[in-house]
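The structure appears right after this line, and notes come after that.
When the chains are written out, they are named A, B, C, D, E and F in that same order, and each has its own residue count from 1.
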């Protein structure tokens, strides 16, 4: 199988931020994303309004350049006041040319 | 801890395909899989019937040989007409001998 | 972006074990965790009581030392009798100093 | 009561208004979102409840009374997909695959539209045959099967057999629950239904209202996709139900059904499936474009029937019935 | 009404039929699947509703009337696990752990089977003691605790203490909700219950029907696993409920309960837990094989009781009651 | 009936007891957990049902009867945030941001507390204005908007405009569903409501009971966080509702409302939002500490109002009404 190397960014954040994060991902150049509902705890542990639900786990497959852009934006807009956590890793994508 | 290197394939697909994908994974030699319900958007963005729900996120831990088989099968059977996305990565599995 | 290398442990387990696993993670030195509800099948395939639901998928970002401790604990307490599966991988974390 | 008054009454029912609220929610970008689990639960609940009531009614209906309406329904299920397919290929210049996919949707039936028709009849105190839900089960399969057959006979290649398609349709969630409900209703009869009435019968319209709120949100999403598609398909999605609806009313009338029964059969014929058909088509004809078949059935025909079609078909049935 | 007629009526109730529909869904490989959230919601709803009704009834019952039935229930909870354990070890040649695990399930009680018995009684207009749900709470714990004690006394090693097991059982979801409902029903009394009747009382049987649809699907899965296990355990899973059920009816009878009450107590004794017990056993005796205890309790005994056991125990209670 | 008797009756209602059960569930570490989807479903259901009933009532109410109560509500919505902000900054030494965040919660309204007041009134057969739910919609927005304006005028920097905040509030789930329900109820009127009554009206109190079980579990979690915060805020969270409640009852009284109406308006004023406000504040003032505003509104004020506030405000309204 021929696969393309890509970056996977995984973001854990309050559900409240879903729409905002998605908008920012797309603006930074991501072509898609996948979200699952999650729950968890961390060092702050304060979550707003149960009605908004718990956390989301957002993944996006992007090129290294876009990955950098996204992390910078997260840094600037969310990290100070919101419970957002982001990881970066290397994966191989099948049909990578579609997403990068 | 002694761990075994393995491949993790992560597939994002329409929920409609769940049964088919699982069958094909097992046929290709996977010994197990884990599914979470997901939602998302990508370049096509057309999803069928809300009653079928959104996407699934399917993970399976396999040996490199089985990984290759699975990706080939996906390629052949799903990639053309369905919204399927697959990534491959290296992980270490505890008690790997059980799964590979 | 400056990121910190970290270990991600992903555990798949019966939902019944959620509270126990979380307690053990924290005791081993993890500062946080994220859980999603999952379903799946493996070599045993025996799950107890539907009322308890299916599986959980538990992720935690930790330092290599803590990672080792966690895997050892899992080994000792769960692997023999419960359907628990654990993988270890390398990721880059943004603001890693917060979690490790 | 004239047609305009009927239209007004229908538009101001809580069900139609809830649908509109769902549309509005998407248009104003509200963050309202019903849980997936609620949507699935309501779908199963509505189908099962329809089945139960229909089955209990069947248990007190003679075959004598049934066979002509069933025949009429079968005729509809066979005719409509051919007509739709012909129009789409000939005038719309759609390819074989897309034409067949869309035809499958119009040949089948929408359980929610059916339910809205029942509710409309009830709120207007229009008497109805109780066995109508059984006709929904009869109408659901043939349209899809014939459309797939049309696509296959025009294509070469392997694909799954006819038998396996029929099996998939029958074991598919929606039909399975509906037929299961029918069987249970039929076996346990009216006394059985009585026991579960406060759960499956009394709150039915309220549950439908909540479901239509969600449907409105879903339809709004589809409509947006759809508007990119072009005027022919929009015209088709508005005219086809009127043609099919009229046909259905006529057949119902000549099968000796009551005015209410002919009206509901017409609505069934007019409706386009968006639960059973999309799932079947997505798997059997994955090359077909969902924006076409879902946009047409869910984005245009469904709201059209809900708001305008239902009182229209009733007016037709009424006019016809009066002539007799 | 003779036993066969009772059996027929029971088999044709919507609840039993829904269970069968669930079995069929799995056998024909339908893709029907109820959301997890619905299953959990219905479980909580049913337990809480049973508790509420029982509690409201307790608020008007004197201790005078209660103590003998409670004693009878405790005797059942202590006797059954010993009997089951003995049979399994001696004749079934099961190891200590598996024998204890299975015994725990038969010593405890299934809230859904209990509910089905109530519903059966109601539909046959059989008068009942209102405080029966309180007996469910009494029966739920001892069987499990004794079985664990049996396993422990035969094993060496640390493991959690007796007290911590009892605490885990009492704070476990099912018992917590049931007892919580009992307390609320008792404190707010009949006027309190009246306020929430359209939610917790009237739709109860319908909700149970939906729940049994899901249970059928679950049981079908378990049954398949189970059939690999061998004939002894199948025989056990069919005979044990009859023995326990008869014992329960007898004790209820001699505790001065009505025919209906003795019948329901018998059904409780006959039933095997599949909510509280599996969760407790899975954690306390993880080495035990779930295919045995779940297969027996959920795959065989539960459907057996639902379909045949309930009318059977009633027939026994009736015969006994007639003698008096 | 004296105040103590009212208190007792309120504390023993199934709703309040269910809330307590939820608290207990957390304290004894029960593994009870209601599905997320159920929580969301019940929230939507309750808000929509409140809206429907209020809207149907509005459809038979003249503007003549409405304008004074609406004015009173607006006065409350404008006054309370200023008072709360002042107290918190001056005596509590909170920063601008946290003071404004907390003030927003007390200036807005809790739909569940409102509902509990309605239910209390009903169970005591206290007559009420039917249009009260419309006042909830009126009260929900201004408090939050003013508090944000207070925070902004004390801060420098960009941030989202006033208009965009109002839009976010209005399209936010809770207000959208409530106003949507009001519109539907108003358009379809009493005959429309009649159709969906067995779903949205009759089971309402039971659904509220289940919801309060969950709320108890949520509040217990908040309370724990909160107790670390210090005595000033606890005192504030206990006194502020009494002040606001009294103010609300007074304004309601002078706006010519019935005793029941003034009581409910007082409860609305006394209540602190924990659905609309937290979501708005979290996004608009992310620097504010949720442990403060959620701990106060959900951990202290909500249970206080539920258990003690409601009978208290009714006693005040009653005393005032008697004077007239």
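Simple rule for what comes next: a contact is a pair of C-beta atoms (placed from the backbone, for glycine too) under 8 Å apart; a residue touches a chain by one contact, two chains touch by 3 or more.
None of the values given here were measured: they were computed from a predicted structure.
**Student:** Applying the touch definition from the top, give me the chains sitting in contact with each of subunit A and subunit B.
**Tutor:** C
**Student:** For the interfaces A-F and A-C, which has the higher count of C-beta pairs in contact?
**Tutor:** Ranking A-F and A-C by C-beta contacts puts A-C first.
**Student:** Farthest chain from subunit A, going by mean C-alpha coordinates, please.
**Tutor:** Chain E.
**Student:** Please tell me whether the contact surfaces of subunit E and subunit F are same or different in residue numbering, using the over-half criterion.
**Tutor:** different
**Student:** Among the chains here, which has the CA centroid at the largest distance from subunit B's centroid?
**Tutor:** Max centre-to-centre separation from subunit B belongs to F.
**Student:** Starting from the mean Cα coordinates of subunit B and subunit D, work out the distance between those two points in Å.
**Tutor:** Comparing mean C-alpha positions, subunit D is 35 Å from subunit B.
**Student:** Would you kindly tell me how far, in whole Å, the mean C-alpha position of subunit C lies from that of subunit B?
**Tutor:** The answer is 20 Å.
**Student:** If you average the Cα atoms of subunit D and of subunit F to get two centres, how far apart are those centres in Å?
**Tutor:** Here the centre of subunit F sits 41 Å away from the centre of subunit D.
**Student:** When you check subunit A against every other chain, which residues touch at least two of them?
**Tutor:** 36-37, 89
**Student:** Give me the residues of subunit D that touch two or more other chains.
**Tutor:** 31, 35-37, 40, 173, 198, 203
**Student:** Using the touch rule from the top of the page, what pairs of chains touch, sorted by label?
**Tutor:** So, checking each combination of chains, I get A-B, A-C, A-F, B-C, B-D, C-E, D-E, D-F, E-F as the touching pairs.
**Student:** Using the touch definition up top, name the residues of subunit F that touch subunit E in the complex.
**Tutor:** So the residues of subunit F in touch with subunit E come to 12-14, 17-18, 21, 24-25, 28-38, 119, 123, 198, 202-207, 209-210, 213.
**Student:** Inside the complex, what are the residues of subunit F that reach subunit D?
**Tutor:** Residue list for subunit F touching subunit D: 35-37, 40-41, 44-45, 48, 52, 170-173, 176-177, 180, 183-185, 187-189, 192-193, 195-200, 203.
**Student:** Quick one: in the complex, what on subunit E touches subunit C?
**Tutor:** Touching subunit C: residues 36, 39-40, 43, 173-174, 214, 218, 225, 274-275, 278-279, 281-283, 286-287, 289-291, 294 of subunit E.
**Student:** In their complex, what parts of subunit A are in touch with subunit B?
**Tutor:** 1, 3, 6, 8, 22, 31-37, 61, 89-95, 98-99
**Student:** Where on subunit A is subunit F touching in the complex?
**Tutor:** Listed in rising order, the residues are 14, 16, 37, 46-54, 80-82.
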